[in-house]
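Per-chain numbering from 1; labels A, B, C, D and E assigned in written order.
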Amino acid sequence: MSAVPTTTPVPAAPRQWRDGELAVLLLLPIALINAIGFILPVLNLARYSFNKSRVGGGIEAVFTWENWAGLLSDPFYLELVFNSVWISLAITLTTLVVSYPIALYLHRASGAWRTFLTVLVISPLLTSAVVRTYGWIAILVDDGPVVGAIKALGLPAPSLMFNIKGVFIGLTEILMPYMILALMAGFGRLDPRVEEAARTLGATPSRTFMKVILPLTLPGIALGCLLCFVLAVSSFITPKLMGGGRVFLLATEIYDQAIVTLNWPLASTLSILVLIVFGAALWAYSAVLRRLD
Amino acid sequence: DTVVLTAYSGIFQENYVKAVVEPFMKANPDITVEFYGMPNSAQMLGTLRAQASAPQIDIAIMDVSVAKAATDEGIFAPMDESVTKHLADLYPQAKAEGVNAVGVTFDNLVLLYNTDKVKTVPTSWNALWDAQYAKQVSIPAVPDIQGTTFTIITDKMAGGTNYIESVEAGINRLAELAPLVQTWEPRPDVYQPISSGTAAIGIGWNARAQVYADLSDGKLGVVLPEEGSGFQINVIGLVKGGPASDSAKKFIDYALSPEAQAAFTEQMFYAPTNSKAAALISEKALSRTAAGAMDKMIDINWLEVAKIRDAITEQWRRRVIPLSR
Amino acid sequence: MEIHKTSWPMRILVFLLFVYLLAPVILVFPLSFSGDQVLRFPPSFWSTRWYSALFANSQMLQAFWTSLSLAAIVTALSIVIAVPAAWVMTRLTFAGRDLLFNLFTAPLLLPTIVLGLAILIVFASFGLLATMHGLVFAHLVVTLPYALRVLAVSLSTQDRACEEAARTLGAKPLTVFFRVTVPMLTPGIVAAAALCFLVSFDEVVITLFLTGPRISTLPVELYNYVYNQADPLVAAASALLILLTLAVIMIVERAMGLGKAFVK
Amino acid sequence: MTSAPEEHLRLEGIGVSFGAVNVIPALDLSVRKGEMVAFLGPSGCGKTTTLRIIAGLNKPSRGRIMVGGRDITRLPIHDRDMGMVFQSYALFPHMNVTRNVAFGLQMRNIPSRDAESRAAQALDMVQLGHLAHRKPKELSGGQQQRVALARALVIEPSILLLDEPLSNLDAKLRDEMRVQIRALQQQSGITAVFVTHDQVEALSMCDRVVVMRGGRVEQFGTPTEVYERPATAFVANFVGRTNRLKGAITAEGTLTAAGHQLRSATTLPPGAVEILVRPHRIRIDDAAETANRVKGAVSGITFIGDLVQYAVRVGDAEVVVEEATRRDRSALAVGDTVTLGWSAEDTLVYPAGEQ
Amino acid sequence: MTSAPEEHLRLEGIGVSFGAVNVIPALDLSVRKGEMVAFLGPSGCGKTTTLRIIAGLNKPSRGRIMVGGRDITRLPIHDRDMGMVFQSYALFPHMNVTRNVAFGLQMRNIPSRDAESRAAQALDMVQLGHLAHRKPKELSGGQQQRVALARALVIEPSILLLDEPLSNLDAKLRDEMRVQIRALQQQSGITAVFVTHDQVEALSMCDRVVVMRGGRVEQFGTPTEVYERPATAFVANFVGRTNRLKGAITAEGTLTAAGHQLRSATTLPPGAVEILVRPHRIRIDDAAETANRVKGAVSGITFIGDLVQYAVRVGDAEVVVEEATRRDRSALAVGDTVTLGWSAEDTLVYPAGEQ
């Protein structure tokens, strides 16, 4: 076995990367993209939020607190923020509840079956959100199949379209693939041996789930919830199409201000507000993660 | 030479290319006009604004109030005799003070209904308030300018005298309509849901309504109510420093010419802005535009309306839409 | 392993949830064969006219290729950039690491409409508008945070003992990374790549601001299309996309055993 | 120890395949109530698999499992009331040591205060009371193994399955743990199945021993039976150290090996045979009269703690002899000529080629 | 075995803390080139930690590591040319067995055909040639451990670190593996550090033994030294089985315990003492004259394979005696009165309360 001499450590080893240098080198691309694609634009936005808007959509480059003062003193906007946050939270939680079983099932499936199901999960994302929303409209309209089925059961027919219910149902479905992918990415820590240990200790499948599987998959859950919350708050296509103009959310409002009314300073102010709300959410998320560790 | 023209995408694009762009290119073989469709004026302004330093677009067709903002930001080159010789022939409504663009089409708000669901042909805006169409009414709400136009019409009907000062009467009347409304944001537009019967009645722009009415096998009915209506004005402007300015000027001149105006009206029922065009248009087509009913039109000063738009929006949000929840 | 076979009630639940998830997707197929002018279910009569219309629409086809190559480039770049970054974030400790991590993933926090608007302004001054470079760059701004988050979670839950073993066997950090860390990270990479591809392929809002007369993507074309007419052409396009994806995955599966990539 | 030899656990024709690999062809086994049975066998012979089958973690491809006369083959895992120590520990990474140990008690709906005090007791038993609040990854290998042990013991299951539960403990601790496990098992009348690679453990601790090989039972008997009367050459060879000599039985019934004629208590038909003699049953230069006596030269001496091993060359074979180290023996040196002697009963003979 | 006692590996004042827990206070150690050193010590005493420090997997809080006179404390792991077998195996789950084993060779840029044939050879050595294409999760515990072993051995590193590499193997296989490891190590002149909980392994296989306790070295010496002349009561107690008797040395220097006067080779100042005698050094009813002779009654008999253990009550103490089983001894029964005898040299005396 000693036919080939083993290599002894070469004293003149190539220069060692120190951790700090390595970090800088590896983070350079993402940092550049972040700086140009995010920080700079956001600074620009922040600047706009202190500019004056002119009638018809013009922007006057003078400093003013008007936008912020107007925003923070108008109960309409405060309610808007509050509504957006809690609706998004509710949608996120619902998405989690309906996605988790699928993700777990996928995690345990194997071979081609798993691939096939994974593709099925992804396929909704290939159908643009606009088209899927139209699909939901076709399903949920007053004379559509769902309302028809409910009526056939003799129950009072609910109105599922052009209100918050429709937005809820549609958006939940639209966010599911993202949630499922995030959950699956976080399932790595789930060692089957540990589940087995719980079962031999007398835990029923449901208690094994609550006590072992759930805690071990918390990182994935936290990630999925973060992504979905963010996407829910950002979404405006679905609320616009399914909300019937009754559902006012931050993103739809920003859309209206930026695209319809062309009030960029106000849109910027709202955006910075969203950023602050999200910053808080992110902070909460990291706090939760740190607790889990 | 390639001229880039930006205007509304979709059905407008289809028809405009057929009626105006293609004939122009046939007449000027050395010029290619590329039609770059965008969904709305605001987005056009956004794009123009972003390209201000190096424009890729030569001509824009957009709503007059947005064109005002663009003018203020110096995006449009002045529109004078050097651009087009048809200026003098345009209706006065087509020329707005302080806007470097002139009207290329007129459109007006109309009442739409589904012929299966609405048996008697309505003649008045008041049909919208008819309780038998509860939850079947489709209204594009403000900040969409259809909503704004509708507010001004309602205000006048409810006894309002000066919409610039107050639309109180109109808002009160709209509050009564609110509980009957199915959606304030019909998608993709108001015409298709009414054609397909998702909604029974609603309001929309005449030109598109006429086109969809033809496509709907008679399912979509269009009426210019007896109380009259208001104009929406699309203007055409020349982008300052565009890459093909000379050819662009040629195109604008052509677009405002009576022939082109007439062709487009025949094609898509926008009322012409060139007073000389009416003569070239068939009676049948003309009757489906507001050109024959110029006297019934409320004179809306869009530049003034822009100033009160925020106030109207606020009223809708606080006093109208919540009543429909 | 036997106990991981799913019980029947659970299977039924999963089935029902799949029905919910796929309902609008499944609906796309009948809708695409509708003869109607508008999206309506059930259609009043059947036809293939929207497929013919789709293939006649050269702009749409052009946009499809743009989207495909864009998504592919963006996905590849995202993974190449995010994997080392996620590695640094989970394997090295240095001051300000958490701050940097939050900063790098912060673009997620901005509604895309805002980001689109904001990027538009900046890109205009760099001359990046309506170019492939610009689109790639803008999409990276959005996809990188997804990739980084997903990969960081995967990496931090990964067992370190194998990396240590590889290092004692004489593997240099880079080799450990490519031969041990990355293969063990495969599920995470697949998930991240899928996310990036889809986010890029489905991205409308930001792209809307950055496309121009010279370049456009499929979602933008579709969006612009349905902005004006909600006819079944978009359903036909979606149906084709889904079939195409299934076909591609099937071929890759046959050729390379993609199943392995998805297996734990 | 078991008052009535009542049957508790029974495997009937159990078979297991992993894909194409038939790991266990057909296994029958019957364990009495309160008995402790050891599984001994080479690495990869199917010990862990059998335990997993009993616990319900794998479903057998064939056969059935009976407990107390009841067929439990299809009973869900959590209703089996079995405790298991996993070869790889399988501790819950997100729980601290106490919560790991208390888990099984909580699953039995024992109030949490009670559960914690019993967990604390169990931890004291495995000498880990002081690490109760650590997370598993902050423990050494042996400490983790003890937590796994405490976790299985604390629930006092009706059947305890132990998969090499002491493999990472030092001799001292292992002795103590063995005593503890045995005491607890006997006192609560638990039926236990113990997989171990340590023969001392198997022979000293368990009521009966199963020797497995390639998924089959080679011998199932008391430690003495297995050690003194191995059923096959494989068992003799696997359990305890042995010398293996090639030999033959002539037509007249004489046994020869390494050029010597030997005597054995076993009779076999003529043919090639294998002769097994345990190293410590051989005396060196002992005055006492023994049935077999051969001469040889010392070729190696190894010191292994309590024992000294001499390798002695006899003819063309090498015979290993073990003796307790003692100070009164004048040390042998390599090259010394010695006489080896052992009894006929210690001469185990099996047909050649059996293994 | 080592031709020149040249120093190879040296730990100088190594200290390790995990957070607030000071696991290793200060460790000094010097290992010669080509030597095989065993780490013995109770579970959790810091053996794995020390190995990880040497391999570079943990950075010491204090102190430095020298190899061949060169300070390698800051040398990256992959440049250390060390092979390590992990207590938890740490096999690469995504590679099959051959690729796991060949990994280290590839890292040394050995052409892949060469690497594969050497891997195959190493796998044959651990008797896993037939499973070369399996993935780790398709192997039994012992099979995984052998793959881990082959993976570390095949690269013939200059320093080999083995963390309980044989803990999941049966006695037969463990013996064979021991011989293989030892042969390879000596033949290639590898310096090896071997963590084990198995004393037989430590004593029989290694050149020197380190007995650790709570992160400190209690004794470092040859197997004979550690076994015969344990430096502390802890070592005596930990290495090999012992009887512990409480006793005292009077002002006149007489040693007494369990009501008997005893003789020892050690002299200590007067006071309470602990007396340690190894069970197999005690003779039962032996005619030979021995320095110490006490009478007692047999209170228990345990059969442990090659040995029989008698528990004998002497005064208020219980003394355990071990004998090789033999057929010529007329069996003792519980209750029999016996005389126990052992020499003065076998009577180890330490100040009481040391442990």
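Before moving on, here are some points about what is shown:
As a working rule, contacts are C-beta pairs under 8 Å (C-beta built on N, C-alpha and C of every residue); 3 or more make two chains touch, one makes a residue touch a chain.
Here's who's who by UniProt: A, C = ABC transporter permease; D, E = ABC transporter ATP-binding protein.
Every value quoted in this text rests on a predicted model; they were computed, and no experiment measured them.
In terms of the distance between Cα centroids, chain D is separated most widely from B. Looking at A-C alongside B-C, one finds more C-beta pairs in contact between the chains of A-C. Look at where the CA atoms of chain A average out and do the same for chain B: the two points lie 37 Å apart.
Note on chain placement: the centre of chain A and the centre of chain E lie 55 Å apart, centres being C-alpha means.
Chain D has its Cα centroid 91 Å from the Cα centroid of chain B. Multi-chain contact residues, meaning those touching two or more other chains, occur in chain C at positions 1, 3, 40, 117, 121, 173, 223, 226, 230. Touching two or more other chains at once are residues 76, 80-81, 88, 108, 155 of chain E.
Chain B has residues 40, 43, 46, 187 in contact with two or more other chains. Residues of chain A that touch chain B in their complex: 54-59, 76, 141, 159, 162-163, 240-241, 243-246, 248, 256, 258-263. Against chain A, in their complex, chain B makes its touches with residues 40, 42-43, 45-46, 65-66, 68-69, 72-73, 135, 141, 143-144, 182-185, 187, 198, 303, 306-307, 309-310, 313-314, 317-318, 321, 324-325.
Put simply, chain C touches chain A in their complex at residues 1, 3-4, 6-7, 10-11, 13-14, 17-18, 20-25, 27-28, 31, 39-41, 81-82, 84-85, 87-88, 92-94, 98, 100, 102-115, 117-119, 121-122, 126, 137-138, 140-141, 144, 146, 148-151, 153-154, 156-158, 173, 187-188, 191-192, 194-195, 198, 201-202, 204-205, 219, 222-223, 226, 230, 234-235, 237-238, 241-242, 245-246, 249, 253, 258-259, 262-264. Interface residues of chain C, counted against chain E in their complex, comprise 159, 161-162, 164-173, 175-176, 179-180, 183-184, 186. The residues of chain C lying in touch with chain B in their complex are 36-38, 40, 117, 120-121, 123-125, 127, 129-130, 208-209, 212-214, 223-230.
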